[in-house]
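Two complexes are shown next, each including chain A; its partner changes from chain B in the first to chain C in the second.
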Partner chain A sequence: MEITKTMTSAMDRETAAAKTAFISGNKAWGDRLFRWLTLGFSASILLILLIMAFEMIKESLPAIRKFGWGFTIGKDWDPVQEQFGALPFLYGSVVSSILAILMATPLSVGTALFITDIAPKKLGGAVSSLVELLAAIPSVIYGLWGVLVMAPWLQKTVQPFLIDHFGFIPLFQGAPYGVSMLAAIFILMIMIVPIITSITKEVLTAVPTAQKEAAYALGATRWEMLRVALLPYARSGILGAVILGLGRAIGETMAVTMVIGNTPQIALSLLAPGYTMPSVIANEFAETTSKLHASVLMEIGLILLVVTLIINIMARLLIWSVTRGNSGRSA
Partner chain B sequence: MKRTPSIRLIKNGLMTLLMVAATLAVLAPLGIIFVHILKMGASSISLDFFTQIPKPTGETGGGMANGLAGSTIMIAMSSLIGLPVGILGAVYLTEYGHNRFADAIRFSADVLAGVPSIITGMVAYTLLVVPMKGFSALAGAVALALIMIPIVLRTTEEQLKLVPGTLREASLALGVPLWRTTLQVTLASARTGIITGILLAIARIAGETAPLLFTALGNQFWSRKLTEPMAAIPLQIFNFAIAPYEDWHKLAWAGALVLVVIMFSLSLAARYFGRQKRYS
Partner chain C sequence: MQTKVTLENLNVHFGSNHAVKDVSLDFPENSVTAIIGPSGCGKSTVLRSLNRMHDLVPSARVTGRIMLDNTDIYDRAVDPVAVRRRIGMVFQKPNPFPAMSIHDNVVAGYKLTGSLKRSDAEDIVESCLKRVALWDEVKDRLKTSAMDLSGGQQQRLCIARTIAVQPEVILMDEPCSALDPIATLKIEELIEELKEQYTVIIVTHNMQQAARVSDSTAFFYMGELIEFGLTKKIFTTPEKRQTEDYITGRFG
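The block that comes next holds the complex of A and B.
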């Protein structure tokens, strides 16, 4: 209703403008100019995106021509010797983001449920705005805390404990470095929890109340209501929130660069240092040793761009499916 | 009806407890980080922070005055570029854009907002740093503007959509041309909401580091021209945090405190504007 109303009023406006233009030609030039001006600014968004894609592809072409697909499975990285293999960065990005997401998801969904359905309204609101405020802290500050507080703590307390008690698992073998894959996973988890929580919260509040009341009317306890009525309805939206968090984790640069140790290797142990795609760009792009080196970093950027675009588009579609136009779905 | 604590109720209690535990586990590290920033920042900050530039290694003291100035200049420049594009672009979407093209713009804005910020830095590097043969504050501002534009566009669009169509029609009926109606009625009545969006966008770019790494680059001294490398608070925090000097770590903590205070003030201001009454 509301939408059709605004649509018709907008159409009326346009026809009104057209009529004015027809009746008094000299008065409407302002309108026409204004229309073209706003159109230009609007179109520049599309232009920016196209230029971005074009530049990234153009600049990475030399590397693509030289190495082809072999680039993504090469393990050796030595810019001075012009040896470029991207596998350690792909591996580091995938492992750190996936493990961070696995740890962050249950915590975020639990917190979102606490905010929407368990806490008294005021407490829920307070927790919610606290989480939102903390989502705004810049990543370089998380990195600062990570490298000066968390990494030493990991090195002195957590990692020796893991080595002593779980050292038989290959994931926890080696020396305690502090800066490590584990540190990157922790810092990423802390950073993406607020994002997943706030989107999940929005998705949960979009679930119709009738859905919940129906479950209660059947005698469900609160948990049964959440499990049977709320979560299934919000499932695709929550999945969208998680995927959006994944996109953020993969593109995250500063905090990870500061705690992961920046060593291009593929180590099974989480205690060993690693490297990610954005980190290698951040560390090496300003001081490339050769044209090819710059081009290779551009190609890593291109891979990162494509991956995050796919992830973001998927996430948006999933979130929209719950928060928009949910009236037509089977309730 | 007699009620015994069944397995269902126990399960309910257990799950509630788990959710409370999850909330505490989420808030705990965030609280710890916050306490550390306050404690370390407060013990390291002094008047020098705001008046001095960083001292060379080995000397104590120094501040981030050049970073504060650099951040302010670059934020102002990127607002100059980003705000007109974002706001007027949103005007097209709400006032004229009921077509496929507008949908494409909306989609591009969402896509652009999801691009990792380091990529915008790389693009600004190839577009500006390479042709101008040097790192510059200008390139940094452009990189930040690229991040700002989609945020401002989408928030402004949301606000303009809330302005009732009758307001516009009333103005048009008085014979006011559409462009003046848009500027003086539509945009003016959505003012507070648009300001909220702008403040949030500024808060966002004030903390961005990655796009500045190979555009503004950073500078240990004052910059005299916009075509020179320029210091910024987030860049200085990064460089000082990973350096092995105790004094620089202190400066980094002080910078973090200042940055957090600035961002929280901005988002408090945004909340204030967001709560103003509209269209009642």
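The block that comes next holds the complex of A and C.
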């Protein structure tokens, strides 16, 4: 009797305590603090971005005032005469990235398909780890390999072959330099294959077995299953992977700088040297000849930022338009 | 009644797990055969061995013979792709292709191989969707995504996709388990009609469903075929004690 009474009162006290805690809002205070803290963190990221954009615009103002829109279509680049035009760099960046992505996409999607759906499990796993290992190699190593091994090989073997057999196409005319737009495209391709492959692999793995079985049950061969069930289901994800690769390619500095030849010209031939936006910034910022030169480099940085933004926005629109109404939704 | 598919000493192993044990069974033509039994009894495994779906699972091993008319579908010379063209399958969860329109889903089997004339496609789509009683509900939006349909409509679309390639046998793996009662009723009515032209083999968890739709019933337990006979007989006067216990709800 006595014991029961004590227990009851103990329980009463606990309930009372629980009620107080519920009302007093001790926990709610912690929640609020945490909310403000996380809000602060995310706001600071936005702030850093804004400050960066603001500073870049401010620093490039002298160049913008002097050259105006003409800067983006100017072809001359002579720091000593203070002649500046950004077109060769824009051209170099866009052409090298786009051609690299065109070559890397089939290679990556093929590799990912091999890993997920064609290779025996162990082999697939091995290939997959190797691909991921490639992604971890610093870009300067790629550049070193590119300039010491790949460029000479291009110069002695590939480019002469292209000139001999496809020389009637303007893309493959001129002398074999080795370091060239072609070298940059190859190195970029090798560098973005791992990222596209590993994301595509994830996307393909996420395709429900029910989708594959649906195709097989209709009498699909493996190839038909890939074409009808797997790839359409995964296409928006694959597109996202490709865009990420493109983003990486357009911003890649080190390796490209080492193999592209760094000549500010617009040549139709892929065998000729070129230049990209990140490369010219990296090469010249330490030895600017004048305030205007520094400002011009800043403006190139700004253009790079804008181009990257445009690519990202286009990518999102593309993914959105593909996803709308079909794939991406679960079955 | 004529036999369409025959199992002769069918055994299925997954690694060291002996999932189906020495099953012999005749599935009659142009009728509905239900396969019932508690979870894990091997009923789905039997069904999936009928269109060689186990070929896709590396650890699976199928022995014995499965005769479709007079051909052993597990014969070395037989292409599993050809088997699946003759033996279609409807799955537990509706699985239309989300990247395709309703129209394209119906003719998906033809899209595999490529060429199909536009006018032919339209005929096939209309007749198949009419057969599954979906035509009136979707005829004005054939070009929209299949994912906009309800679950029951999606399942009927999947059945239309299966019959579009004109198989001889249709396998159904618990086709109503993800559907509401009204959608279930529609599918059951459809199964009744399908048997005029096809041999239907259906796995179901729902004994009332088996009793409603099937002509013959096979009861499986622990990977073994316990009893097989006319549905009427199985559900009223079963010969085996286990069958009776399961049907009366004493286990399973």
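Rule of thumb we're sticking to: the second predicted complex is superposed on the first by the 267 of 331 C-alpha atoms of A that agree within 3 Å, B and C clash if a C-alpha of one lies under 4 Å from a C-alpha of the other, contacts with A are read in each partner's own complex, and residues count from 1 in each chain.
By our rule, a residue touches a chain if its C-beta (ideal position, glycine included) is under 8 Å from a C-beta of that chain, and two chains touch if they have at least 3 such contacts.
Given the structure is predicted, the values throughout are model-derived calculations rather than measurements.
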Inset, instruction - Determine, under the contact definition given at the top, whether A:Leu37 touches first (chain B), second (chain C), both, or neither. - result: first
Inset, instruction - In the overlay, answer first, second, both or neither for which of chain B and chain C A:Glu224 touches. - result: both
Inset, instruction - Pick one for A:Glu59: touches chain B only (first), chain C only (second), both, or neither. - result: first
Inset, instruction - Decide which partner touches more residues of chain A, taking chain B and chain C as the two options. - result: B
Inset, instruction - Classify the contacts of A:Gly167 with the two partner chains as first (chain B alone), second (chain C alone), both, or neither. - result: neither
Inset, instruction - Return first, second, both or neither, reflecting whether A:Gly74 touches chain B, chain C, both chains, or no partner chain. - result: neither
Inset, instruction - Have a look at where A:Glu213 lands relative to chain B and chain C in the superposition and call it first, second, both or neither. - result: second
Legend entry - Shared chain A contacts, counted only where both chain B and chain C touch the same residue: 221, 224
Legend entry - Contacting residues of chain A [partner chain C, same complex]: 120-121, 208, 210-221, 224, 227-229, 232-233, 235, 325-331
Inset, instruction - State the interface residues of chain A toward chain B in the complex, per the touch definition above. - result: 5-7, 9-14, 16-17, 20, 27-28, 30-31, 33-35, 37-39, 41-46, 48-49, 51-52, 55-56, 59, 106-111, 113-115, 118-119, 127, 130-131, 133-134, 136-145, 147-149, 190, 193-194, 197, 221-224, 226, 247, 250-254, 258, 278, 281-282, 285-286, 297-298, 301, 304-305, 308-309, 311-313, 316
Inset, instruction - Provide the residue numbers of chain B that touch chain A in the complex, in ascending order. - result: 8-9, 11-12, 15-16, 18-23, 25-27, 29-30, 33-34, 36-37, 84-85, 88-93, 95-98, 102, 104-105, 108-112, 114-120, 122-123, 125-127, 135, 146, 149-150, 153, 161, 165-166, 168-169, 172, 177-180, 182, 203-204, 206-210, 213-214, 217, 234, 237-238, 241-242, 249, 252-253, 256, 259-260, 263-264, 267
Inset, instruction - Note which residues of chain C are touching chain A in the complex, please. - result: 51, 53, 56, 58, 81-82, 84-85, 88-89, 91, 93-100, 108-109, 111-113, 144-145, 147, 158, 161-162, 165
